[in-house]
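Look at the two complexes coming up: subunit A is in both, with subunit B in one and subunit C in the other.
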Partner chain A sequence: MIDYLIYVILPQVLHGLVWGTVIAFIALGLTIIFGLMDIVNFAHGEYYMVGAFMGYTVMSVIPNFWIAVPVAVACVAVLGLFTEFILFRRLYGRDPIFHLLLTFGLGMMFREAAQLIWGAETKRMEVPVTATVELLGTVYPVYRLLILGIGICVILFIWYLLRYTSAGAKIRAVAQDRTMAWALGIKVPLIYTSVFVGGVALAGFAGILMSPINFVYPTMGVDVILRAFIVVVIGGLGNVMGALFASLLIGEVEALASIWISPTIAETLVFVILIITMIVRPAGLFGKAGER
Partner chain B sequence: MLEVKDLNTFYGKSHILQGVNLDVGEGEIVCLLGRNGVGKSTTLKSIMGLVTPSRGTVTFEGKQIQKMRPDVIARMRISYIPEDRRIFSRLSVKENLLIGTSNAPDMTKARKEEMLEKAYMYFPILKEKESQGGGYLSGGQQQMLAIARGLMCDPKLVLLDEPFEGLAPVIIWELIDIIKKLCETEKMTLLLVEQKAALALKMSDRGYVLEKGLVKCEGTCQFLSESEEVRERCGL
Partner chain C sequence: MAKLNSVSNFKKTFLVHAIILAALAVLPLFLNGYHQKLAVEAIILSVFAMSLDLVMGYAGIATFGHAAFFGIGGYAMGVMLKFLFPSIWLGLILAGFCTAILAFFIGFVSIRAKGIYFAILTLAFAEVVYRIIFHSYNTPLGGSDGLVGVPTPMLHLGLVDIDLRKTVNFYWVAVAFAYLSYLTCKLIVGSPFGSILSGIRENENRVPFLGFNVKWSKVTAFVLAGIFAGFSGAMFTAFKTYADTEQLNFLLSGKVIVMALIGGIGTLIGPMVGAVVITIFESIISTYFRAHHLIIGALFVIVVIFMPKGLFGLFARKDRNNNGS
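And now, the complex of A and B:
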């Protein structure tokens, strides 16, 4: 019994935490961008994919993962800046159908472009830290724990930024009432741009962190964005704490369920949770009715 | 200090302001009176850049501001305190107040603390509720917060829209006392929009009466309170 817990359950719990952290990176950007500018970004997963591919490219020139990470994140940030400036900026305050069309199309373009540049076949990156540790007797790769550690730090940092800094207060003020915030002298367009760039850079960061344990391929963003959307809905649209909690929930459910059932069915379980949430609490687990 | 000339503003096809003229001198308290829906709030929004006037000029300290963005206008130290208060209910009282310094980026931390203390001096209840969410305040406290937030940047001009709406008489008198005190000690310049003409005329130096997007009459408070026309137009 104890053996079963240590050798079967524990690694999956850790896998679930790592996976949940990665989903949280994507979902946080998604939900903060939605909370702030009312835009559902269907192309968000593609920034995750670009992050992974940029990392792959940098690695093929300078085979050092710790150089590739900041370079890849910076590239995604620049891409985010461009797309915000050229495209997303035109969407603010427009009908949601425009958001859907533009972001959906943009995602498609990114995937096709990635296929043209890097090819459709999946790529694999070397794991930068091959060491393992023994936890209660079970052997676990250090790199995954590293992702978990980085993830917790980043999430704590974002939480601190939003909760306790004046920039965070401004972001929350704009999210609640952009007109009033504007009339009080806050540079609303600047806040929009920075939050968008920060959000997609976070997705790119997740992309490169995951590429040594997942594969790198043009549609990798689609797989993760689906979960991120589910997480955002379960957590309540625009709700940061809700998204965090739901990410861990989804990560754990998927990881633990795949002990007993096939991973594809485990994936379906995620949808079951979504459907139950929608029936029991349509505003999300943490959403109050009528509030966003 | 503020000069509005031939201001015309549309909402879609409806012509709301049809050539408003008014001016406010430094240190003056000027009220803008008129019935429901005559365009009082629209006048303030047009000055603040929240709606773009189609014609006319707004001049502040010699600069034309009618084409500028709201944040730029706010940074000229113009404070807008809207009729529906619009405090940030999900931010704490203190955060709400500090957001009020957004249009004064050159303000030092020490100066912000000073302004915070001053706000708490005029509105002690806000100090008590400092860390509470703005949404938990009563209507009167929210109005106090909205005013205090507007004053945090040490504004040159304050645009105050119907501060007494929906408040109990006791609170209205308390607010009037505080606003009067603020105007005297802080040398505040105030453009006050109010439907309750009797109240507004008691507080102000001069006034304008708006009707259907036009200034129908203007003058000192004494003149306005005695004028038959004003009594009728403002329901005195």
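And now, the complex of A and C:
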């Protein structure tokens, strides 16, 4: 019994935590962007994909993972800046369904472009830290724990940023009432742009962090965006704490369920959780009743 | 006001319909085999896009999982023709029945959520359907390989039997199918029920004060749209002789919204034209470019940014100024 717990359950719990952290990276960007500017970014997963591919490209020139990470994140940030400036800017204030469609088309373009540039076949990246560590007798790769650690740091940083800095106060002010915030002299477009860039950079960061564990391929964003959507909706759109909680929930459910059932059915289970949540609480677990 | 000049309007409409139908009827005589096939696909998809208009254009609820009904309709037709009984009619009935049940279930559950939540929820439902069928290996549905080898039977039409294996024949049947679907939908949106739907779109909170049930009207619209989507999916499968998971994919759900948007939602005919335009455009693009999704994606972006009311919306803007949201 105890062996089963240590050798089967524990690794899966850790896998779930790591996976949940990565989903949280994407879901956080998604939910903050929605909370702030009502944009449902269907192309968010594509920034994750671009992050992974940029990392792959940098790695093939300079085979050092720790150089590839900042370069990839910077590239995704620049891409985010361009897209926000050229496209998203025009749709602020419109019905969110238009954003959904705009980003749907954008995601299609990104996927096809990635396929043209890097090819359709899956790519594999070397794991930068090959060491393993013994936890209660079970052997676990250090790199995954590293992702977990980085994830916790980043999430704490975001929380601190939003809660205790003047930039965070401005972001919250704009999210609450953009006209009033604007009247008080907050540069709303600047806040929009920086939050969007930050959000997609976070997705790109998740992409490169995940690429040594998962494969790198043009449609990798689609697999992750659907989960991130579910997480965001379960947590209540625009709700940061809700998204965090739901990310871990989904990560754990998927990891633990795949002990007993096939991973593909475990994936479907995630959708079932969403549907049940929506039936019980239509505005998400942490959403206020009657919201939207 | 509509009643006053309804006689002359009726004559005019009748004439327009007759001319368009006549033009459509002689069109395949000028097309080669490949283009005939393309025309059939475009016409079948136009019904799919029109069905979306019932929920999106009239009831004003955006659904992002419409492909589920198209796909299930296709699979229903495939199962009927391949395993049960080789009759298009029975296939259509089964498709309508299956999609009605599915749409009722999805609509009933999802309708509690509003706006973008509804869109994402329908997306999730469609994804569940997609995944279930995608992983249904070792069943007659064939999993990700799709349901292949669906036979094309004769279409029994009273005394005449039409051989649907000839593309031209299928083309004429498709035109008739699209026209009948259009007339039925026109009837629906012109009925009192259609007015309730438009009322819901314009101001959901006022409709209950007039004594109508918003929730059930929405669910009914959703089910009707699902049934028509199922019909078009069924025809698609009968024509293509296969049903596969591409027909269930969320990419198709997104594509059909853009088709409807390009044509202009809330007009019924707009989405039909949009579907034809996109299908033809996609076929032309894909013959010249390997990466045709790049251009289609760009087209979507352009449509959403520059013409949210679609082609017909551009013309209609003049006299419906105060109607825009």
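Here are a few things to note about the model shown:
One rule holds in what follows: the second predicted complex is superposed on the first by the 289 of 292 C-alpha atoms of A that agree within 3 Å, B and C clash if a C-alpha of one lies under 4 Å from a C-alpha of the other, contacts with A are read in each partner's own complex, and residues count from 1 in each chain.
The definition used in the following text is that a residue touches a chain if its C-beta (ideal position, glycine included) is under 8 Å from a C-beta of that chain, and two chains touch if they have at least 3 such contacts.
These numbers come from a predicted model, not from an experiment.
When the two complexes are overlaid on their common chain A, residue A:Lys170 makes contact with subunit B while staying clear of subunit C.
Of the two partner chains, subunit C is the only one touched by A:Asp95; subunit B is not. In the superposition on chain A, contact is made by A:Met180 with subunit B only, not with subunit C.
Between subunit B and subunit C, C contacts the larger number of subunit A residues.
Using the contact criterion defined above for the overlaid structures, shared-chain residue A:Ile265 touches subunit C, although it does not reach subunit B.
Look at A:Leu237: by the touch rule set out above, it reaches subunit C but stays clear of subunit B. Within subunit A, no residue touches subunit B in one complex and subunit C in the other. Residues of subunit A touching subunit C in their complex: 40, 87, 90-91, 94-98, 100-102, 104-113, 115-116, 226, 229-230, 233, 237, 264-265, 267-268, 271-272, 274-275, 278-279, 282-283, 292. Every residue of subunit B that touches subunit A in the complex is listed here, in rising order: 48-50, 69-71, 74-75, 80, 82, 86, 88-91, 95, 98-100, 102-104, 149, 153. Here subunit C touches subunit A in the complex through residues 62, 64, 109-110, 112-117, 119-121, 123-125, 127-128, 131-132, 135, 251, 254, 257-258, 261, 290-294, 296-301, 303-305, 308, 325, going by the rule given at the top.
On the side of subunit A, the complex with subunit B involves touching residues 166, 169-170, 172-173, 176-177, 179-188.
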